[in-house]
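To keep things simple, chains are lettered A, B, C, D and E as they appear, and every chain counts its residues starting from 1.
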Amino acid sequence: MSDPVLSVRNLNIDYIGAQKDFHAVKNVSFDIAPGEFFGLAGESGCGKSTIAFAVSRLHRPPALIRAGSEILVGGRDVLALDEEALRSFRWREVAMVFQSAMNSLNPVLTIEAQFYDVLRAHTPISRTTARQRAAELLKLVDISPDRLSSYPHQCSGGMRQRIVIAICLALNPKLLIMDEPTTALDVVVQREILQRIDTLRKQLGFSVLFITHDLGLMVQVSDRIGIMLEGELVEVNDAQTIYRSPKHDYTRRLWASMPKLHGEQIREVRS
Amino acid sequence: MRQLLNNKKAVVGLTILILIILVAVFAPLLTEYSPVKRVGRPHQPPSWEHWLGTTRLGHDVFSRLVHGARISLAVGFGAGLMITIIGTVLGIIAGYKGGVVDEIINFFTNMVLVVPNLPLLLVLAAFIGQASPLVIAVILALTSWAWGVRVTRSETLSIRQRDFVKSAEMLGEPSWRIMAFEIFPNLISIVGINFIGSVIFAVITEATLEFLGLGDPNTVSWGIMLYNAQNASALSVGAWWDLLTPCFALALLGLSLALINFAIDEIANPRLRTGGMLNRWTRMVRLGEGKL
Amino acid sequence: MSEPILALDNVSKIFGSAGNPVYAARSVSFALRPGRTLALVGESGSGKTTAARLIMREYQPDDGRLLFRGATLGKADRKSLAAYRASVQMVFQDPFASLNPAHTIRYHLERPLRLHQGRLSGSERMAMIEELLARVKLDPALVMAKYPHELSGGQRQRISIARALAVNPQVIVADEPTSMLDVSVRLGILNLLNDMKAQLGLALLYITHDIATARYVAEEIMVMYAGQIVEWGDMESVLGNPQHPYTRLLLSAVPDPDRRFDQTPFEDELNHIDVIRRQSALPQPETLQVGENHFIRPMPR
Amino acid sequence: QTVLTVSAEQTTTWVRNFNPFGQTSARFTTLDFIYEPLVVFNRLKGNEPHFRLAESFELADDLKSITFKLRDGLKWSDGEPLTADDVVFTYDYIKKFPALDFISISAQLASVEKVDDTTVRFNLNEPNSLIANTIVSMPIVPAHIWSKIDDPVTFANENPVGSGPLTEITRFTPQVYEQCRNPNYWDATNLAIDCMRLPQLADNPQVLAALAEGSLDWATSFIPDIDNTFVAKDPEHHKYWFTPSSLVSFQLSMTTPDENNRKAFNDVNFRRALSMLIDRQTIVDIAGYGYPLVNEDPSGLGELYKAFANPEVATQFGQYGKFDKDAGIALLDSSGYVDANGDGFRDNPDGTPIAIDIEVPNGWTDWIDAVQISMETLQEAGINVKMSTPEAAVWTQDLIDGKYSMTLNALAAAANPYFPYIRSFNPGDFGKSRFTAPHWDNAEVMDLLGKYTQVKDPAEQKALMDKAQMIVAEALPLIPVYNSPSFYEYNTKRFTGWADAENPFISPVVSNANPGRLIQLLALRPVSQ
Amino acid sequence: MAFLLRRLSFYIAAFLAAATINFFLPRMMPGDPIQIMFASAGSELSLENLNALKLTFGFIDAPIGEQYLAYLKSVFTGDLGRSIKYFPLPVTELLARALVWTVGLVGIATLVAFTIGTTMGIMAAWRRGTLFDSVVSLSAIFSSSVPAVVVSLIMLFVFGYTLGWFPNGYAADPLLDPAWSWQYISSVIYHGTLPMLTMVIVLTGGFAVTMRNNMINLLGEDYIVMGRAKGLSDRRVMFWYAARNALLPTVSSLAIAIGTVLGGSLVTEVVFNYPGLGNTLYQAIIARDYPVIQGQLLIMTAAMLISNFAVDLSYVVLDPRLKKA
């Protein structure tokens, strides 16, 4: 296996409180290989987003990444970057799709401006070239370039999410983080988008960190899966292995409570 | 309430406010002079006998200050209460009932909002003549409820979309009960902010009207103190104590109320809270215990 | 099969302007029967909630009839509505929004009792509250005095169900009752609904976009798209042998850990998503029986 | 060019209006300075006449007509001659447009006729020895200009053609205007001023600021603590001289709606007791900054009309005009005004309660202060008083109708005590004028006043006035408090010739109610630099 | 567009309603307006004289409906009658004179306060919890809670009387003629400094608090986080992403704030004797100059309506979501 794109070691993150701290991520370590589709699953509040934010160092106070944690992207220590280095690191190396398609585009800027924004921030580029590049990117996600002059509210939810993905690809990042990118969408659109990501990944070779609480979906799309429980990463393994022969008791319980679409229905698990 | 007491701003604000209230309640015990009797020569500077000096008429400024707190507080809280009640009731009805009722209330609200308030008050007070504190409070209430309706209405609109209102409807709760027991309790912080904001507004406006000479000179209030001082050319004859005393009292009352308001805002909206955690956070970052 | 207690007969509901009508329900017909669960699935915006609201008589149908115990319901007036609501209750999707944060759990359960259970003494009422809580498997001593925000999502959803049960209804409409819950607690709620149905002989309308859970609780299923029910019938028959292109599309898109992306059935539908959507949105007046209890509305050619 | 800087009027913006009939709207430099009076009567010198446009006047023996003789060769500022025709025109004019007649003189005139080019005779409806005083306060306007004006009431007369010393408006902005020499002024030799400049000053503090920095030469403004705030800035040049003017008195309505109050108010002993409970000196010192003059004269004349005073008044009734708390209380006790019902307030002898509400117009702060000071002693004496401050218009109406219990009221200064008396006591004016607020009806006084205007002999007049004073002083229908001062501040740095206490040759107040200001203007001489 | 049309028709209705109130207000009050006018002017007139004047000022004895129609007609033809105190100046001219000063004072003060306040609010929200934030929040709370009367009196006392740095009143040296000369303009600036400063102090806090709270609410939004994730500079995210969106509610509160601004300017103008609309209204009220009071209320209402409309317009420009609606 080649050098990992992302390597998280002993990650500890606290939310500082007035009296007591909340230990949101506890000693988490995992790797993502180039081109890998890595899924991170777990219940609401277990710290998935907290990890995702830490990778791009997007946290704001009172979050605190504890000393001793390590996040390496392409071998570079993200936690050691200064302001300026961090700025150019973001999006160029790690791009991110957020949970809600509704809200991750700036409502008062046109789609084009939001492409231009990110291109401009990282490369000296003229408006026309930026426009061309944006049009190309939109084509990748199957959206007509006319949309460039639209405002976000003029596009449907699925469209918006695809636009965000196109923006994510603008700088050819090594890693694409997707924090529950499709929960607000219906299954057909969700399917469409994930399939497109999968194709693009194969085409462009980036890795994906995919966060969701939909286990069925996770197994369907991921190469490897990490299961989180209350801030801890309790199990990391191959997707099929996790599905067919879970090791951790918690993982087992999760599968047991998932009704099945076909074949024999699960037994009621009564506690 | 406990949250209020955990908020530093609220504690400071409440302390000042309670102090002012206590001073107002125990005014007769705190002062040896009557606020309406000449007890010294005109415009004596502050001294042992007259802590804050005397007015142009020879009244004791401290005594007037302390007694004046009663009127300022009474008008402030009285008018504030009326403004809040009108605003809340109309706001909830408009927001919950919707339709024609909403249209009508909303139209009047917007109407009242676009008529410049203070000038209108000024004209009303002038026409009524000898506006006693009670009259001022009433006209304040009648002309200043619109802002409250607007915020209460928009908040009600969002609350009525919430499922608990729907489930109350499905249970067959009568609409007055839904408004009073389902929606209203969730508006408490908005109502609180509206109330305190209205109190500030009422205190300021009463003082302003009286300062402009539209009040009743028989009253002992901070606004009348300002008016008398201004009339006695306190500034040009150098009697700063006469004018600045009510100024500072008003500023202090305004400040304490604004602090409370700010605190309620923080409590209602956790995002605004800064609290102690940010201090702790800064300290920990400085100690190298971690970073963002 | 038992007699339907509640039925929609060719009900339509249109929103929007005359120039740009939105068919939230178009000739919708179905029936709810005691002791049975009917699942209504469909993507977001297909009109599921509208159907629920029509049943709850929040909306008046623009066309068609609502039948309760065989009788057509006319325009809702205050009194008949109150009586109706004692029989038909609803459980909402969002456990965080469906309980009033300002009131205790006890208050939430006391209100329906006061409104619908006639004159009860205080202790009788307390006993009933305790019984309700026990029925939804919560410890009365622990939760009674708590406020909603002190409970977990699953617990809150149980309270919602208890509240619906408090009026002693015959029909419960559950609009996506588990979509906001974690996987591990989801099943508990579904089991609870199943138990209630069995024990109290309730007629249940279970609305969801998660077909897997629908299969878990319901005997029958309806697939809705753009206000129309495009396919309906026995659960196993519809899932095992979907006939309508839209149903196929939906089924192919549903996450299924047993199938990787590349092994999806109905490839054809997946490649023509837009065409299927467009055509499924057109009026489909005909009904075609494809199985013993399995119907579709075929797309127009 | 000699420029005199004056503040005669306070406003926030100048409006170009020199219509001499516009009492409330014309610039205050219109009368006297643009439209010269026929005669100026010197109030400080027993109404000695300074003849201006007229060189003499003569009252007929039957007192039923008066004839004015104009100077020869008078000219309007545009060069047209000023003749008896203009005078007759003016009086015809105000008859035609009654809104112009701001002193209601037409009613007293039977006719105005031209005798010759320089002589005019005014025929009166009633004999009146004092008519000249009234006639001279109506400005005379040029017929050749005003005959062409369609609506003289709203006419702003922006470029006035006048007869006075300063008629030319050379500059007019909202902030300042200048009024300069009349090229055809008859008395030009006596006029040493070329222009008068009127900066716009909005209120007393602004006038004070301008005075203190020395930019104003002549002003009329209330100034607090004047010795410190104005004089001390330049003791050599900053001067003031306040002369007594209108009478401020407490008044009780004899027709007040409350029956119980009415009983007390109609009892002279009650009025006397109230009068003795008013601490006039304190009111003057505190409410008036020491500027007004205490008036302890029960007949109301006081310092202002000292020349007319009957010494008997002081000896017989003098004590009722002075502050004496103990005597006041004693008088109340002895007249039966004691606390009958134990509520802490004195009641009528028959036990009915008295409750007095002193009305003062809203915003009249010095009066409000005065009332508050008076209330202290009245309350100490056990009288139930409170103050209310209605809108000025409401107050005026209450006074006119006599529907108030007690009030402060003011009466403008005049040349002769006849005027304050007739204005206050004339039953014909009850219900019409606020000056008759007490509604005190005394036929004897009216009879005396009626005769007063119909006799010509000064000795006879004095006897009548003496008698009237005694009646008034005995009944005390007005409770005099003080005479308010007329404010006069001046600066001797650039001009000399100012009237002052040492040389009181005329009343020098520059307000538009004092025609004497014309004489003062002509007396000014620039200081040579 | 439909949005603007709807607002516009509301404003017209509101203006009509305000005009109607304006008409009935003096007629509902006790006392005869003419009597009140002249009583306050301090002169005593005979009855005949009064009646003659009444006619001159247009107080006709027509039925109320007829009077109302005449009034409406005059309002829409821009004829607000003549001032009584400043007779025969037409009310419109009097107000036009004052308007210049108020627009200057209020306009600049609002602009300055808005700029400072919003910027402070933005930066405080961005650096939430820092010392800077605490200082800004506290001074903003203080500034927004202290009455304009108090601020202006204290400013006047400190800088006008005690230190003598600035004049105690008026908008320019009265002896100077208005002109585009440096002398005159500097005099205007010199005289305007204290009132301006007062207004800025009174207004800034409110803007700062609103902006700070809006910003903080927005900072958790996904698109802000995405802006940061995109590697944009803090400045760009702060102003182009957060502030621009946080401004929207602030702008709409600006419309309501204009009422407060007018109120604040009234007091400030009175204290500093600034010859603006507020002071004119105050003088008119003192003198019971009805035509001016009525005209003034109309003008102020119109000003509020116009600025509300301007806010609506800018809202449409700022928020593309409204364009289609």
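One rule holds in what follows: a contact is a pair of C-beta atoms (placed from the backbone, for glycine too) under 8 Å apart; a residue touches a chain by one contact, two chains touch by 3 or more.
This is a predicted model, so every value here is computed, not measured.
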#### Entry: Least step count from chain B to chain D, where 1 means the two chains touch
1
### Pair of chains with maximal C-beta contact number
B-E
### Query
Taking mean CA positions as centres, which chain lies farthest from chain C?
D
### Query
CA centre of chain A versus CA centre of chain E: separation in Å?
51
### Message
On a C-alpha centroid basis, what's the spacing between chain B and chain C, in Å?
### Response
49
### chain A-chain C separation of Cα centroids, rounded to whole Å
33
### Euclidean distance of C-alpha centroids - chain D vs chain E, Å
41
#### Entry: Per-residue multi-chain contacts in chain A, two or more chains
60-61
### Query
For chain B, what residues touch not just one other chain but two or more?
126-127, 129, 213-214, 236, 278, 281-282
### Task
Pull out every residue in chain C that's touching 2 or more other chains.
none
### Summary
Those chain pairs meeting the touch criterion are A-B, A-C, A-E, B-C, B-D, B-E, D-E
### Residues of chain C touching chain B in the complex
56, 58, 81-82, 85-86, 89-90, 92-94, 97-103, 111-112, 115-116, 160, 163, 167
### Task
Would you pull the chain A residues touching chain E in the complex into a rising list?
53, 56, 58, 60-61, 87-92, 95-96, 98-100, 103-110, 117-118, 121-122, 151, 153-154, 164, 167
### Message
Looking at the complex, which residues from chain A come into contact with chain B?
### Response
12, 14, 16-19, 57, 59-67, 69, 79
### Query
Can you list the residues on chain D that touch chain B in the complex?
204-205, 208, 224-225, 228-229, 282, 286-287, 362-363, 365, 368-369, 372-373, 376, 386-391, 394
### Summary
So, in the complex, the side of chain E touching chain D is made of residues 30-32, 35-36, 38-49, 52-53, 55-56, 82-89, 94, 97-98, 168-170, 172, 174-178, 273, 275, 279-280, 283, 286, 288
